[in-house]
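A, B, C and D are the chain letters, set down in written order, and residue numbers restart from 1 in every chain.
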Amino acid sequence: MPPSRPDDPTPQAAAELQAVFINTSLERDGTKSHTAKLMAMAETIMSRAGAAVTHIHLANHDMPNGVHADMRAHGADNDDWPRLWDKVKEADILVIGTPIWLGQESSLCRSLVERLYAMSGMLNEKGQSIFYGMVGGAMITGNEDGLKHCASNILFALQHLGCTVPPQADCGWIGEVGPGPSFADPQNPGPATGFDSDFAQRNTAIMTWNLIHMARILKDAGGLPRYGNDRNAWSDGARFGLTLPEALAH
Amino acid sequence: MPPSRPDDPTPQAAAELQAVFINTSLERDGTKSHTAKLMAMAETIMSRAGAAVTHIHLANHDMPNGVHADMRAHGADNDDWPRLWDKVKEADILVIGTPIWLGQESSLCRSLVERLYAMSGMLNEKGQSIFYGMVGGAMITGNEDGLKHCASNILFALQHLGCTVPPQADCGWIGEVGPGPSFADPQNPGPATGFDSDFAQRNTAIMTWNLIHMARILKDAGGLPRYGNDRNAWSDGARFGLTLPEALAH
Amino acid sequence: MPPSRPDDPTPQAAAELQAVFINTSLERDGTKSHTAKLMAMAETIMSRAGAAVTHIHLANHDMPNGVHADMRAHGADNDDWPRLWDKVKEADILVIGTPIWLGQESSLCRSLVERLYAMSGMLNEKGQSIFYGMVGGAMITGNEDGLKHCASNILFALQHLGCTVPPQADCGWIGEVGPGPSFADPQNPGPATGFDSDFAQRNTAIMTWNLIHMARILKDAGGLPRYGNDRNAWSDGARFGLTLPEALAH
Amino acid sequence: MPPSRPDDPTPQAAAELQAVFINTSLERDGTKSHTAKLMAMAETIMSRAGAAVTHIHLANHDMPNGVHADMRAHGADNDDWPRLWDKVKEADILVIGTPIWLGQESSLCRSLVERLYAMSGMLNEKGQSIFYGMVGGAMITGNEDGLKHCASNILFALQHLGCTVPPQADCGWIGEVGPGPSFADPQNPGPATGFDSDFAQRNTAIMTWNLIHMARILKDAGGLPRYGNDRNAWSDGARFGLTLPEALAH
C-alpha cells in the first residue's frame, strides 16, 4: 500500500454520514466557549469530507436534569431533549465535547449522559441498543488537568450505551498545572493558546478520521450482526453458546 | 432480517481470529481465581466459534514493573514480557480480566497496561499504532463495588493504545455492598455465587459476540484506512485537512 | 481506656456544631429519594448529639449550572445558590449525598461541586480557603455499582476546596450487579432493601461520628494554624520554608 | 491573630512527629526519579520543623503483589513489606508519591495500596483501624495529565483505610498536554522544569504544613474518640444511636 499523502484527501470519505457534535460547555454564549473552538476543527474536517454535521450548544437549550425520555412527564415545564434526541438518534457519529472543572467533565456533560442513558432501553430492529449504529468520540479542553479522566468517563458511557469507540477517539488540550490561559485564548506574541500544540492537532486529526473510517466501515457492514447481542432473543431464552463454568469443568 | 435463534450458532463466526485473554488476578494459582471462572465463559464461546484462544495467567509470569519493552535492559534479572508480547501482538481480540481491590483494578492490571503502553510507539506498515488491528474488552469480578470504574480504566487504556472498543465491551459480576462471597464461590443451597445472575450472563455473551463481530468486520475491512492516522505521514507534514480555528473564522 | 458501651451516647458530642446535608438526587420529590432515606440516618444521629442540622434537597431549588457565585450576573433569571451558600458557609460539617447513574454521581452533584468551586477564592481571616473550617463526608446510594468511585470524586473535591476529610468519611449502599431494587425499596417478606446491611449501617455510624469528632477537634483547636497555608502571606512573598530541590542538592 | 510572616517558622511545629514518604516511581534508581525531587521539598520542610522523616524508594524493595500481610506465607520467596510496615505503622504522617503513566498512578502505587489494605483489619486499642492515628497526603508528577485523578485515587484509599485527609493534601506538577519534559528535567536557559511553577510550589507548601498541623492536632487530641467507630463495640452490638429510617418515620 502506498503511503498516504497530504494532498490525498480521501474525498467524500464521510459522504452520507450524519455527525452530531454536542458541546457541554457551561458558557451560554457559544462563541466564548474554548471547547467549541476545538470542536470546530473536527467539524470542519468532517463537513469537508461530506458528512452532514450538526453542532448543538447544549447550554442554549432547556434540558432539565433527569433520567427519563421526556421530563415534562415528570414535573418539568419544558424539555428540549425530545427534539434534540430526534437529531441524536440519527447520528452515525456522536461526539461529546466538555470543559474541565475541578478535574471533571461539566455538570452539563453528566446531564447529557443521563438523558442519553434514559434512551438506552430502546432497541433497533435487531434487538440491539438503539446506539449500536453509532461511533463515539470525546473532545476536552481545560487549562490544567483532567483530559484523560474526562475522556475516559465519556467514552465509557458511550460504549456502555452501545456506541463503538474507534482507536484514539479522544483529543483535547490542557495547559501546564495551575491556572492559566484556556484553549484559543489570545497570546501576544504568538498564536492563540494551544494552537501550536502538535499533540492537540495530531490527536484531533486522528480522532476525527477514525470516527469517519469506523462509521463508514460499520455502515458498510450493515452494523453489527445481531447474534449474541439481540436482547429480545435473550429474553426469549437464547443464550448464544454461553455455558456456566461449572458445566465447563465437567 | 429474520430473528436470530438460540440454535443458530453462526458457526465459525470467529474462524481465523486470534484471541488473547490476560487474567491479572493477584492469585498465583489460576484455578483459584474467580475472574478466571468468568473469563472461561467468554473463552469457551470464542473457541467454539473457531477462534484460537490463548489464556495468560499473568501472576504466573515474571513480568517486572516498568515502561520499557524489555526490562532486562533496565536492571531486571528476568522479563517474560517480550515473549508474552509476541503472542499479544498477533491478537485480533485482546481481553483483560481483573479482580477489584479497594475499588480499583489490580496492581498487576496496571503493570500490564504499563507494559502495553511501552509498545505504543510501534507502528504498523500503515504508520498506525501497532494496536490498530485489535479489538479490546474488559472482564471484572469483585465482591462488592467498582466494576464500571475498573472497566472504564481498562477500556480507556485499550482505545488509547489503538484498539477498537465495540459496543458494551465489558462485563463482570459484583455482589451487594460489603464483604461477601466472590464470583463462583460455592453456595449451599443454590448455584455457585453469581452464576444465576442474568445480568452477568447476558453482558458476558454480548461482550464476547461483539468482540467477535467487530474483529471480523475490522479484519474484513483490512483494518482502518490510514488517512488521518498515519503518524509517519503526519511527521512528514501531512495535516489531513486539519485547519486551526483562527483560519476557520476568516 | 474503658471500652465504649452502646448505652454511653457521648451526650451532646455535637453541641454547637452546624451540619449541612445536601441531597443531589435527581428526584424532585424528596420523599421518593432513596438517598434521602440513608441521609436521614446520619442526620438523626447528629441531631440527637446536639448539632443543628439543615437538609437541602437540591432538586427543589433553582440553581443554574455555572462556575460563578451568582449566575444572575451571568444571564440566569434566577439563582437560589447565593441563599444556599449563606447556609453552607456556616457549616462545620458538610455532607453531600448522591445517587449513582451509569456509575457516576448525579449531574446535580457535579453542579453543586461547580458552585462550591466558584466560592473557593474566598479566604477566611487567616488567609485560608473559606472551607478550612469544615469537615466533609459523602453518602451514596445506587442499585448496582459505583459507590467508591462516586465517594472518591466527592471527597476529593471537598478536600481540594479546603474541607478536612476524617477517616472513613463515606458510606452508602449498592445492590448486586445489574438492575434491582434501590435502598429502602419495600421487600416482601423482609425489611426494606438494604436495611439489613450490616456494612451500610456500620459505615454510616462510623462516618457520622467521625465527622462529629473531627469537627469538634477542629473547632476546639481553633481551626488549622495559618502558617504554610496563608494565601495572602504567600502572595506577599512568604515561602514557609519551601526550598527548591536544586538548592537542596548543594 | 497577627498575620504570619515569612520569617516566623513556627519552630519545631513537627517535633515528635514521624513522617513516612513512600515513592512509587517505577525508576529503580531513586536519584533519577522526578517524583523524588518534588518529595524532597516536602521532606525538607518537615525535617526542619522537627519531624523524623523516613523516605522509602519502593522500587528498591522486594515487595510482591498481593493482599496479605506477608506474601511469604502465600508462595513468595521474599517479602520486604513486613519490615516496611514496621516503619509505616508508626507514622503520624504518611505521604505517597507517584508518577503518572497513561493517566494513572503507577502499578507500584497500586501494589502499595493493596499491601496497606491487607493491614486494614488491624485495630488499635480503641477498636479503630490501625490507620486512625495517621494523616495522609499525595504527591504526583507527570509530564502531561492526570494529577487530580491520581491524587483522588490515593487520598480516597488513605481515608478509606483510616487516615485523616487535611485540606488540600495533594500537590504536584504536570506540563502541557502531550509528551514533554518531566519535573526537574534541566532546561536551558531557565530553571529546571517546573521549578518556576508558583502553583506547584504553593500547593507543596500548603500540603506539607497542613499535614504537620493536622498530625499535631490529632496527636494533641489523643486521636479520634472511639465512640461510633469502635469496631469491637459494634461487633458486640453497640449501634451508637443508629436508627433505621423506617423507625424514624414512626
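Please note the rule applied: a contact is a pair of C-beta atoms (placed from the backbone, for glycine too) under 8 Å apart; a residue touches a chain by one contact, two chains touch by 3 or more.
What you see is a predicted model, and the numbers here were worked out from it, not measured in a lab.
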Task: Looking only at C-beta pairs in contact, point me to the busier pair out of C-D and B-D.
output: C-D
Task: If we define chain centres by averaging CA atoms, which chain lands farthest from subunit A? Would you check?
output: D
- prompt: So how far apart, in whole Å, are subunit B and subunit C when each is placed at the average of its C-alpha atoms?
  reply: 36
Query: Distance from the CA centroid of subunit C to that of subunit D, rounded to the nearest Å?
result: 21
- prompt: Roughly how far is subunit B from subunit D, going centre to centre by Cα mean, in whole Å?
  reply: 31
Field: Residue list for subunit B, restricted to those that touch at least two other chains
entry: 102-103, 148, 152-153, 156, 160
Query: Which positions of subunit A touch subunit B when the two form their complex?
result: 1, 3-6, 8-10, 13, 37-38, 40-41, 44-45, 48-49, 125-129, 131-132, 148, 151-153, 155-156, 159-170, 184, 191-192, 195, 201-202, 204-206, 208-210, 212-214, 217-218, 220-221, 224-234, 236-246, 248
Task: Report the residues of subunit A in contact with subunit C in the complex, numbered from low to high.
output: 26, 28, 59, 65-67, 74-75, 101-108, 110-111, 113-114, 117, 153, 156-157, 160
Task: Spell out the residues on subunit D that touch subunit A in their complex, using ranges where they run on.
output: 102-103, 144-149, 152, 172-179, 194, 197-200
